[in-house]
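Labels for the chains are A, B, C and D, by order of writing; each one numbers its residues from 1.
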């Protein structure tokens, strides 16, 4: 399932190195000397968690079904294709990831979700595609990895 | 959107009176004299919340797409059609509802999700249909309503 | 209990108008024309919730006991007096408030907790006092109020 | 900090074997052949998590200050000494533990918090002591351990 999740992310335009850039964005102020290799290893561990994998597969499936007009529910289609700002199920899925990594992960997610840097910004600019769930999943994985690094560096 | 959600629940075999029975199951020990009318009004208020409506529509859409073999992802299809016990995104959506109603709602949900009484049991026995999300959504609405009643009765 | 909570906040240096400034900080980009009166009314409603009141009283009690050296646990005292960055119970209490207001509130909280604007910054600079819980409670009330305003303005 | 937490639990009447009994209570239906040794090792790992340790120390400190009449806030004292049913901060702390272990942990906690078996029952019957936070912390550690066992046994 791990390989499938990495492949799914890549198919949708997100490489693990893109997520690593987001982790650097979140962490550089606190731990400027963390190496990209180290960050990639932490990201891989996050994606090895079963609950994270389920969030990735469920969210990307909803994005793809929306994009190809196969959701079979017009209201949900309109909400997802427009990334309606008061729809919060994408964030609920993201919190399902962050919660596994504690309170720092949740705070990091809130920050990155407002700032939308790097790949998260790019995902939001792909007008003809639907990344309503993916941008939050990427933010959540980055936030989780940054939290893990903060805890490790304190030990 | 409220009418649509009530219609969707009904189309999938769940009437508001079924949810009211679950609320009675949760609450009767603490507030035995709460009337069904009162409970129904509280359930309706829960379903009037935008975030609850989004959870209902998203979850039932996933159930229906699974049932009609239109998910386009074989792994997710296998997980949802079998209600795989370690898949937790259905519970994550349910917590998204319960969290809006505080800690009593979360505790109530955990209890009803283990006990699976009444309509929740029936949904789990419909072998040819997929109610992976719906049973948790019903449990969450009932848990939320029971929490609201507990808070109101203390005032 | 409402009056007590407002008085407790004031005693610790936080007026409702300070929280209103934080709400403006969070919301002005999206709803620049919301009036301060309207914001204050929303903040008051947030503080009228029983679970919010319990978080306020519990958090401020812990801050005050720390400040006056009465916690009776040296490890917890050291953690709270230094606002140890990997201690997350203050954020856990804050999420207990935000969760009641949905996913936008959680995102807003993460943002304001990283940025630490206005009164939240001032609380963090009171070297001789302990505001480990209070700054997060203020952020959570502001985030909750901003979320409520976003939902109301969409109606 | 691990040793301190185990000692604190023991000082308040809770041995790790008591928590293991709660895990057996939660898990025996699903994994009847899990050995007590294995369960104890999982419980120890849960208590080795920094966020779990912070919840234990914070909750037990509040219980002890209540018991010895040193909270300095009459309203909070009355709430905690009576384990007021609508006070939810104890559950909020417990969710802070459970969230780290995913959705199965949360469901397990809701169930055990309603059923109050074994040591949790005993804690609730100590009339002259205050275990408002401790009973939820014990339930949360047991629920977290049971979730971990469920995930491990599936691998």
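Observations on the model:
One rule holds in what follows: a residue touches a chain if its C-beta (ideal position, glycine included) is under 8 Å from a C-beta of that chain, and two chains touch if they have at least 3 such contacts.
Please read all numbers here as calculations on a predicted model, not as lab measurements.
Chain pair with the larger contact count among A-C and B-C is A-C, by C-beta pairs in contact. Among the remaining chains, the Cα-based centre furthest from that of chain A is the centre of D. Chain A and chain C have Cα centroids lying 27 Å from one another. Here the spacing of chain B and chain C, counted between their Cα centres, is 31 Å. Residue positions of chain D touching 2 or more other chains, listed in rising order: 50-51, 86, 88, 92, 95-96, 102-103, 151. Of all residues in chain C, only 50-51, 96, 99-103, 151 touch chain B in the complex they form. Touching chain B in their complex are the following residues of chain D: 85-86, 88, 91-92, 95, 102-104, 106-111, 113-115, 150-151, 154.
In the complex of the two chains, the chain B residues touching chain A come out as 1, 4, 50-51, 54-55, 57-58, 61-62, 64-65, 68, 70-73, 75-76, 79, 86-89, 92-93, 95-96.
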